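In the two assemblies presented below, chain A is common to both, partnered first by chain B and then by chain C.
So, the complex of A and B:
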């Protein structure tokens, strides 16, 4: 029986809310199928399953917020006998020792196996603080998305019974016990949900929850705080004559309908991908005190959201995509990012991030690396500038490209080679 | 097999058992009744009264006061192709025949490599509440249910008293029928043409949603009375009649607990190592995640049965105790 767990969709993610199941018990699923939609503090993410099999049990119910690593569903592998499903009660958030999210960063699925042990949210707490709740109350709470730790039990010895859960789910529960929960020390990062659990009506199509700007802000804060605390950045900058690339782009776009036209940022991203094949050290992660370069080049592209905040979904395998494929991919990503419909792999698998602020007139970007990545490439505005080449003065469209890199993983020389490669590629746009 | 749509008549539990015996003897020439005082005296509880005159001494046999002897004879008759109904006056005296039951009847099929089955039916009165003191008031239904190789049934209704005997006689293996002596005078409605009933399933005698009362025999009647009282307080108890203690029909009570999320077992047997302990364990094993309260048990107090009426009443499960426990389990907050 394979366990489908709440994934970590970012180094800053501690918990997620299940928005909807795309499958029901008994459905056949295969590797890569999207089976759930999860709301992080940043966006609604479509989650793929990584096992082939049949959905045996859906443990977590839509509307329920659970810590990263919580078993959300059981997938029975083909051929395996249908063992009696063991209902697993989702743990309460409050006070649960969740360290996984802090220490484990994307890409989850690559490293999840290695750190599975850290993911046991059901690890027994100190017996003295063990929640006294009946088995059925726990089952009900899991189904209805009620946080047991916020309830006051009316059973013997203050045990929480089904009736207490039902009352809470119907919104009648007094808040007397909520205060106590809030007083517990809150550690860094998003405030654990002390607000009233909001059970969603079941059986109906759930409206997508718009990302909470404050929560997103906190999530970004946590990631950036970690980045600046842990990552010794070094910065390199170079100016690139973009005239050849832009001429090439212009001629390419003449061949296309307006709808299919390629935005200037697309060749830049493609060039980053190609340059990374020459300096693979910049493509990857720093995890567990170890540099872990990645073979696949997935470029996270920062997209500003209308309601504020930003998100950097990945263009997967960017080096293998043609310019048109990449353009298509970006359109799709931007649309879905703004609609809150990103997929898990897009949220977790970026191996490097590109941020372009040129449209706002910024000339130079000094990036903050998104941990555990080891580099961030920044593009400023393309401006016409005097340019000297071969002793001749001319006016050229010039782009300032910067690299922020993790000095633990690479040294300045490697970074310089990357920017040089980037420049070279952009001078030979046919390679794109 | 219930014939509730047919014409009904009033009948006592005692008459229902008598009818079952008469019917079986008339239907099958291999069937006969043997036991102490079952003939001329008409049975210690008057169950077989009149049957000797009616059916003759070849079919209604008085035996010497030797439980081991006549139960052994019954086993021999069963091995020889007969279908004996052996009446042991009360289960207290069955202990004298315990060797025959445990060491012979229950194991012959196994010991003979499957060659000899023992189609014997042993009826015995069980239970307390009649002021006959410690040596005559035991409830050993659950005690015998511990033994593999036999079936143990405890009819609580006139329908089961009438219908279980024939099915037990048709069973190829030993069946023990426990008739609670407190039930013999109980009157109930029975279809005019009532016939055999199964002996391998429990019955829901009353539907409910707040708690499941699991019981059998005389305690079932008390549980139903308690459910009536509780219903007036808005507590809707489901009452299950186990009917057969071995093999246990756990599906029925597990499904019920899955619905009500609470269970109280009412068992006239002693608490330690009782059938109620077995039922409780099975609920833990298979229904744990459906429980909203710990399983509770109301059993006989673990003392030799007192003679004094008020003490005897205090030692046995009673309606008011059932009501109290259910109230505490379901609770005002429930």
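So, the complex of A and C:
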């Protein structure tokens, strides 16, 4: 029997609300089917299943808010008769502590497997209702904003005692806690999830579809706080003559109907994807003190939301997409991001982020890396500037591109090679 | 098509893009994109919808003539059949 669990949809996510099931008991599902919609603090996300099988039980009801890792449904797998038949391999996270699956957001498929593997029935560490903690410890944890599931107790049988919570709350990790020693033991987030899943009273509050701005702010705050605390950023910037790319784009757009026109940011993102094929170290994650470059290039694209906040869904396999496919993909992503309908893989699979503030007057963007990624590329406004080439002074549209990168994963020279490759590609737009 | 009708279409489309805004309160010479916080993606959508509603194809090179309400009306009156 495979367990379908509340996924972690970002390093900042602690719990999620089930909005709806897209399947019912008895339905046949296969790998990749979207079976549920989950509301995080940031958006409503469509969740796909990773097993083939038949829906045996739907445990969590729409409207219920449950911690990440909670079993939400059971899938009976083909050929299996109720015995466990779960693939438990976790290629990317082999040997990684359990928390990696909870706390960071590498490709979701791997997480899903890692979560399954890590949370075999014998180790239900995430199931807070089975956590052993004294009532006073629970109360204290709720008051202090400490996530009990991240603590190892020093009491009898590993039970969490009030002193463990106090120690965590004061920022000193529990001596018994190996996992918590490397991970932040304190969660200063919204109300902690160390409670039984509480169904929302029906009739008083409908499941939200739009993100709650305050919750989104907290989610962004948590991710950015972690980024600045953990990631030693270095910044590089370069000015790029964009005249060739823009001329090429203009002639491309002349061939297209107004509906098919390409926005200038699209060739920029494509160029980032191509440049990453030359500097693959910048594409990936830093997880568990280890640099983990990824082969697939999924570019998270920061999208501002009208109600405030931002979200950076991924353009999957960006290096393989044509300019038209990428425009189509972006159009789809922006539309669904603003409508609050993104899919899990789009929320969690980004291997690098691109942010463009060129619409406004900003010339240079110094980005904050979205953990566990190791780089962020920023684009400012394209402005006409004096430019010297081959000893001739002219006026060119100039773009300032910046790279914020994680110095644990790469050094300045690699970063410089990336920006150089980016520039080279934008001088030969036919390659796009 | 009259100026008033064109304005009505513009307001309707702007409202769709920026539902929380009140496009009718825009000054005639205010920069629309800045006033309503419209990014390049929404700007393109706006031009696409203008094309659908009014049949006017706005070439990229003319985007610069569409910054304010009065510029838009002038342009669209001139080009709408």
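One rule holds for everything that comes next: the second predicted complex is superposed on the first by the 313 of 432 C-alpha atoms of A that agree within 3 Å, B and C clash if a C-alpha of one lies under 4 Å from a C-alpha of the other, contacts with A are read in each partner's own complex, and residues count from 1 in each chain.
The working rule: a residue touches a chain if its C-beta (ideal position, glycine included) is under 8 Å from a C-beta of that chain, and two chains touch if they have at least 3 such contacts.
Model, not experiment: these values are computed from the prediction.
Novice: Examine A:423 and indicate which partner it touches, taking first as chain B and second as chain C; both and neither are also allowed.
Specialist: neither
Novice: Touching A:304 in the superposition: chain B (first), chain C (second), both, neither?
Specialist: Second partner only, chain C.
Novice: Touching A:263, do we find chain B (first), chain C (second), both, or neither?
Specialist: Second partner only.
Novice: Touch test for A:345: chain B only (first), chain C only (second), both, or neither?
Specialist: neither
Novice: So, A:283: does it touch chain B (first), chain C (second), both, or neither?
Specialist: In the superposition, A:283 touches no partner, neither chain B nor chain C.
Novice: Given the touch rule stated above, what does A:245 touch, chain B (first), chain C (second), both, or neither?
Specialist: Neither partner.
Novice: Is A:161 contacted by the first partner chain B, the second partner chain C, both or neither?
Specialist: Touch partner of A:161: chain B, not chain C.
Novice: State whether chain B or chain C is in contact with more residues of chain A in the superposed arrangement.
Specialist: Tallying touched residues of chain A, the top partner is C.
Novice: For the complex, which residues does chain A have touching chain B?
Specialist: 87, 134-139, 154-156, 161-163
Novice: For a test of understanding, state which residues of chain A touch chain C in their complex under the given definition.
Specialist: Its residues touching chain C are 250, 253-254, 258-259, 261, 263-265, 304, 306-307, 330-331, 334, 358-359.
Novice: Which of the residues in chain C end up touching chain A in this complex?
Specialist: Going by the criterion above, the answer is residues 18-20, 33, 37, 39-41, 44, 47-48, 51, 57-61.
Novice: Which stretch or stretches of chain B touch chain A in the complex?
Specialist: Going by the criterion above, the answer is residues 261, 288-293, 331, 333-334.
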